[in-house]
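The next part holds the structures, each set out as structure tokens.
What follows is chain A paired twice: with chain B in the first complex and chain C in the second.
Now for the complex of A and B:
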């Protein structure tokens, strides 16, 4: 039988001749799964684009890609467009970027039924509502993406991507930002493609790779470093990088000791907040003491990020008060900082990092030695400082975010799913640096994550928003 | 990056500037008449010939181009500064500030731009300052709207929140976040704005509301030379060509659509 998708000696280079994907060969047989696992910025996403024939201009590709036994170069643009969605579905990485920000959710899905399946408008709307119901999104059809949480948008993107009925699915980070329940549901949906079609998953989530089974490819710097059956690769990894990856994923964390009689530094009193007509918090109280690590879990859309922003005074509560009790600290230094989920959006886009670091240094005066020490600890090379944010990978950027934060010595840090976009090894480095800083400087941390195991291990107490309301 | 269209636009502007400078080397005055030599063909004394009063065409056309260019540049500088700052503050502070500026903008937008200019310039006829004021008043709206919309979305970006948490002030946010992301748009607006200012100035000159004779101004020259179009079409053609070249140059300079935001 001809493989559904086949790549042979595929090499992809960018404008500057840098190899994003280097000499890659693999194939996807029908009714099977292929999982591509690897470092952030290892060229995984660009590979997905290459397979679909949608590489951005200026990027050049050598080697061969075959779709259903036919070389991609021999498929005309119109034939290719007929293959998209009807034969091969693509679930892109960022639902926030792939969905239309001003179109109601229902319409984004019903368009597919209307224009691909040529259903009448009313019938298409009905079909869209059905798929929303299947995905547990009843009653959200009229909302636009900005009113939904990341996990909800992810499900809508899934519905829109698969509505055309393609048998093969290419999913780029399908479980990113999803809580455990929705991640499990997503895995179930992906498994359907594995059993009745074909599935290529691009991820850094080891657990996802384990559950999907099939073939695993481990990528690093654009090259395949290990390839084989899922269970074999994951239980007996041969390559040292794979071993590192797996041990990082299974690492046990030791939480820093709780301080004796810690002073409270932030208090939230009777705070209420609503989003639209929905009430997120009502008379919510929280005291954060120095040196304390608070974990926060909860389903998408329960207001985890909103609560964090409240504690940073980035959001104003509808009622109630938020008070800071900091003392003895230089007045002009920021005392509260945030390590956010998507490092790519936390830097001004047009300047090299060196300039941003110098700006910060001029404003807050810290030692150059200190910069080097922390950069070393985070495994960042000084060469990277010359690059602009979009030239770096997510993992590198997140470590720079953390560098900036640690240099300012804040008393309180909010980490909003800081590792959800990072590969296991980088995630370990980030968490480790964060925890050792807290221990050394008696700072407090609010750690938001979908990973309940990690949260339970590192935090002194856990706020579970699923249970509070 | 500068593309070919922009180079062409800059080239045309350069040629016009050379024309203006060339006038420095002739000693002819824009107002001195010589009724013995009306509509003289080009000669060494009058490189572009003479008009209906025997005045030197080169002197007049270069003075008119200089007037148009200086009017365009001061109008654009004023309008972009005011528009950018008000747009920024309007979006940044929201509430009453935003309501105030938006109302003002809506009132001005309800009137056609040319009417405003006619209104202002008829208050003090022939005044360069009033024309400058009214054209700037028409032009700043675009900057206000573009910058306001941009800042509205910028305000909620995590990167800006981050800079605020780091303790940076508004000036920093303007310089590092806003300026790099709007400078191409502003340059485009400025080029179109300059072209527009030149056209407005010529339009009101053409209906005798703008600058007064004996000043040389492109619109005024056209209307003065209009009765002689059959006697000396080549003289009438000179201000026409000049205004065409000026507006074309600025429109070519404007960079449309193809701006690559980051690199």
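Now for the complex of A and C:
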């Protein structure tokens, strides 16, 4: 039987000759799964684009790709367009960016029924509503993407991507930024494709790879590190990088000791806040003491980020007060700081990191020695300082965010899902550095995450917003 | 929405006061004896002598201090009385009514022509960025942008009226009279807006949602129709509001050049004869026009942008 998708000696290079994918060969048989696992970075997504024949101009590709036994080079543009969605579906990374910001969700799905299955407008709308119901999105059809959470957008994108009925699915980072429950549901949906067609998943989520089984390819810097049957690779990894990856995923955390008689540094008293007509908090009280690690979990939309912003005084409560029990002059040196989920949005894209670091140093005067010590701890090489933020991978940039924060010696840090976009090895480095800083400087941490197991392990106490309201 | 409307109303009041005051001050700063200029406006330059000037001075009480004249004006403005023309003696509002209609007609036709030119060129080039067509359009638009609008008007007159004798040189009458002035204005506006449309079109067709539309099974035309056109329109509408300032500026020059009896033409004449109430009123009307166009566009965007939550006043993030 001919494989559905086949790649032979595939090498992809960017304009500067950097190899994004180096000498990759694989074949996807019917009713099987292939998972490409690796660091967060550019290489893996470009592979999906190569398989779909939509590489951006300037990127060059050698080797051979075959779709259903036919070489991609022999497939004309119109034949390729007939393959898209009808034969091979593509679930893009970051669904919130792949959905049209001004089109209601229902239309983004129904148009596929209308134009691909040639259903009448009303029938197509009905079909779209059925898909929404199946994905537990009843009543959200009229909303535009900005009014939905990441998990909801992801489900809408899935419905739209697969509406045309292709048997093979290529999913790019399908669980990025999703909480555990949504991730599990996504994996279940992906498994259906594995059983009835074919599935290629590109991910940094080890658990996803484990549950989907099939063949696994482990990539790093475009190089193939290990390739083989999923259970074999994951139980007996031969390569040290794979071993590291697995141990990071299974890591047990020891939380730092609680301080003896800690002084409170931040108190929230009878705080109330609402968003629109929805009340998020009512008479909420919280005391944060030095050295304390508070975990926060809860579904999207329950107000995790709002509570964090309140504690940073970035949001004003409707009633109640927020007090800092230390000298607080925001203009001098910030004592409360936030590590956010997506570092790309917190750096100006077009200035080299060295300049950003020097500016920070001029304003806040910290030791150069410090910079080196922390960079070392975070595994950041000095060479990276010459690059601009958009040239770095998500993992490298997140470590720079943390570097900039730790250099300022804050008393209180909010970490808003700091590792949900990172591969597990980088995630481990970030969490480790964060915890060791807290221990050394008696600083407090509010750690927001979807990962309940991690939160339970590292925090002294956990705020569960699903249970409080 | 109600806050937006009240904000716009406040803006309109502010514009009326600011424009009126500024034009008053600027007219005061112009060199030359006001009485002589007004007399020249009334009786023609040949008839002007000291006696006529004195008559004008005593009739209009021009020997009052500037401050008292200013507050007189402000007081009557508060009662919605725009005063009488110093030249014709008739109420300013009456004179402006007709001119405003003519200017509005010219502005509307010019805007329509500019959209008809800019949209096809802009979207064509946006879908083929860096092609020969795109570079040509950039070149032509740069040349047009570099010309003041009356130069474009003059060239049109030279080519179509004098050389080919196809259209009237200037004046007002049948529909053939509007073609040249409207086209001159439209060319100058389209030079800028076609590039703007090119950029937003290019952003739309290279966006990830556009690519996703293709990958979920829509053809190039279906994707463009549904995932580029609405997005382009939504961004282009506010730009038309920004361009209204170009349009109003252009109208003053083009109406004078083509002797189009609109408000810009009236403004130019009023300035020559120091007819301060006329100047103030026509400048204020133009300011109001700008506010009105922008309010109208705000309203249109409010109605067509699905991201705006019409039921709740408080938006979710």
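Methods note: the second predicted complex is superposed on the first by the 463 of 469 C-alpha atoms of A that agree within 3 Å, B and C clash if a C-alpha of one lies under 4 Å from a C-alpha of the other, contacts with A are read in each partner's own complex, and residues count from 1 in each chain.
The rule we apply is simple: a contact is a pair of C-beta atoms (placed from the backbone, for glycine too) under 8 Å apart; a residue touches a chain by one contact, two chains touch by 3 or more.
The structure presented is a predicted model; accordingly, all values stated were derived computationally and were not measured.
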Overlay on chain A: chain C relative to chain B, clash or fit: clash
Touching partner for A:314 - first (chain B), second (chain C), both, neither: first
Greater chain A contact set [chain C / chain B]: C
Which of chain B and chain C A:336 touches, first, second, both or neither: first
Touched partner set for A:94, first chain B, second chain C, both or neither: second
Touched partner set for A:115, first chain B, second chain C, both or neither: second
Touched partner set for A:103, first chain B, second chain C, both or neither: second
Location of chain C clashes with chain B - one stretch out of 55-63, 127-135, 289-297 or 307-315: 289-297
Of chain B, residues touching chain A in the complex: 157-159, 161-168, 172, 176-177, 180-181, 261-262
Interface residues, chain A side, partner chain C - complex: 52, 54, 81, 84-86, 89-90, 92, 94, 97-104, 111-112, 115-116, 144, 146-147, 157, 160-161, 163-164, 275-277
In the complex with chain A, residue positions of chain C that touch it: 208-209, 211-219, 222, 226-227, 230-231, 234, 305-307, 309, 312, 314-317
Footprint of chain B on chain A - complex, ascending: 312, 314, 332-334, 336-338, 340, 342, 345-351, 356, 359-360, 363-364, 388, 390, 404, 408
